[in-house]
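Paired with chain B in one complex and with chain C in the other, chain A is shared by the two complexes that follow.
== the complex of A and B ==
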């Protein structure tokens, strides 16, 4: 049990660049798909069961010690949008920096040397969890939580949504988050070929459009 | 578990003053301050004043995407490969203080692409009087206010006004029109800052940025020493 290390890694203030990304919420707000707390809940649920599950399984697999090169390719294959692949690598590079400063170890040094431009963020997060002495379930929980907490805090900024309502949305999703994290970790234990490939086409399409906006508040 | 692993790999320690090859890296100077006080104008004027002698690059942190970077590009103060924009998720002060990872990435990319550099200027999009740069990101910081924002800003203080390594009071040319009392601003600033330096500038005048450029040259001399 290393619960406190898990809290450090899962903290929204962990300095790895997440604050500049909305997880698709900015595009969804602009398109009128999120206008209130109920819309935010629906958006987060959709994200949780699609890219949330896929990303959480990648993180769990990395935490188990699977080859980061293979996981990098598995992540690429599961991310059809170039904008999202770029965002994932950018965030992965930032996470690598933060993790190396926080839990210095040879494995993270090797990852930084192998991927100087960054690999997908969930893969890095899984290795960071490993460096912190955490397991695949922990890594999956971190990813699942940031899958929904990112859009929620972005929605608070974009819509001036009541922050209590936004946090209540997260709390109500908690049981589902647990289920998704368990499924992700179980899949990862079966090996790379068993990793889920759930995706949300609308998130991919909207991310491509968002990346081309001349003026936006969030990087993705 | 490798918590005791001794650690000196490249780019792990953000404030490290040396490059992986052992040479001293570029001096990094942050520019913060309220919206519209003249940070981008100061950066542009500094680039023009210093670029012939120094290898310079700029990182901007905008509230909206790339506004400041585009101004610098339009005005051709530096070649485009020397200017990088960091996206801040509507919160420049988070990107310069609480989570500096994207800015460090930008700084490293600039060193890789056009280095070795002597000086990197990091501008924060204006948001408020409390915004300060992390010491993990910059070696020195300049806080830019202007006379038109009200002559009581130095008196109000705040971390930017009181602790910045240099306080710039810009747009002195406008003082007569907005009824700002420059002597009072100087007195209040002195009271808040003690021995820390304050300069008054007007960037509309010929070589108006000279006091800031001189200060930067002195910092560079200390840095290289």
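== the complex of A and C ==
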């Protein structure tokens, strides 16, 4: 049990650039699909069970030591949106920089050398978890949590939503987050061919629309 | 009674069909090609209502090196509840060889209330293969709540993954499927995938095709159109326009 290392990695203040991304919430707010705490909960729940599960399994697989090249290709195939692939690689670059400084190790150095333009962020997060002595469930929990905490904190800024209400949304989702993280880690243990590919059409569509906006508050 | 059936098509260069095997509800007919896009055309004719709960159906098409095949359908596929509570399974397995082309343009898949269907489409493409593939999921017949529908589309090109996508909707799906991240209340979902090795030299730019549809380049010589609409007719209109743009 390395709870403190997990808290360092999962902390929203971990300097990996995640705060600049809304997880699709900015586009959903503009389109009127999130207008209040209930809409935020439905959005987060949908994201959790789709791309949240898929990303968490990629992170768990990386934490188990599966080949990062193969995971990178698996992540590309599961990310049809060019805007979301670009965002995932950018976040991956930032996460690589932060993780190498935080938990220096040969595996992270090799990853940075192999992917100068960055690999998908969940793959890096999985390797960072591994470097911190954490396991696949830990990596999956980190991804699952940021899958919902990103949109929740963005919604506070975008809608002036009561932060207490936004946090209550997260708290109510906690049991589902645990289930999704467990499923993700279990799938990763079966190997790359068994990774889930759950996807969300509106997130893909809205990500491309958002990327075409001339002015936006969040990068994705 | 639930049933198990596997229908098979093999297309060879010059328009011959060395294998054309119907099975159970999957009746295959050779039909006349209507344009220069294919050397052979096969139409899936629904001989009876399927799949019902518990059924295990499979449809296989093998497009040999240099062959060009179009597969379409005479009617929509309706997933209906069966006498057993077990889900129905429908597997589509497609293989496209070197310099071969497959246009896979079936009609809609309609998920009727009370049904449960797991549909799995796997595609193996050679490096120089070309593909046009359309999938449309309609959640519920007119004015009806949907059944439970899981569809997974896995495409490999030259042995490497190109696209892997699973969609899951309805009362048996995880909660949140109808929220603002997944469907946002829409009841018709479609994908149009185009793989063409020529795109390696000139990758497509992302393009918005209306309020709830986009075209996006994949990480490979391919583009995917993802579209949501209120109903089947509006969805088809968006996908038809995209297909004309991409192949016209």
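Observations on the model:
In the analysis below, the second predicted complex is superposed on the first by the 220 of 220 C-alpha atoms of A that agree within 3 Å, B and C clash if a C-alpha of one lies under 4 Å from a C-alpha of the other, contacts with A are read in each partner's own complex, and residues count from 1 in each chain.
Keep in mind that, in the parts below, a contact is a pair of C-beta atoms (placed from the backbone, for glycine too) under 8 Å apart; a residue touches a chain by one contact, two chains touch by 3 or more.
Keep in mind that this is a model prediction, so the values were computed, not measured.
Once chain A of one complex is fitted onto chain A of the other, the partner contacts of A:28 are limited to chain C, with no touch recorded for chain B. In the superposed model, A:205 lies in contact with chain C only, and not with chain B.
Of the two partner chains placed around the shared chain by superposition, neither chain B nor chain C is touched by A:128. In the superposition on chain A, contact of A:60 is made with neither chain B nor chain C.
In the superposition on chain A, A:97 contacts chain B only, with no contact to chain C. Residue contacts after overlaying the shared chain place A:112 against chain B, while chain C stays out of touching range.
Once the two complexes are laid over each other on the shared chain, residue contacts for A:46 go to chain C alone; chain B is not touched.
Under the contact criterion defined above, no residue of chain A touches both chain B in one complex and chain C in the other.
Per the touch definition, chain A reaches chain C in the complex via residues 24, 28, 31, 33-34, 39, 42-50, 73-74, 76-83, 85, 176, 196-205, 208-209, 211-212. Residues 152, 154-155, 160-168, 173-184, 189, 206, 208, 212-214, 216-219, 224, 226-228 of chain C touch chain A in their complex. Chain B meets chain A in the complex at residues 1-3, 5, 7, 9-14, 63-65, 86-91, 94-95, 98-102, 104-105.
Within the complex formed with chain B, the residues of chain A that make contact are 13, 15-22, 90, 93-95, 97-98, 100-101, 103-107, 109, 112-113, 131, 133, 154, 157, 213-219.
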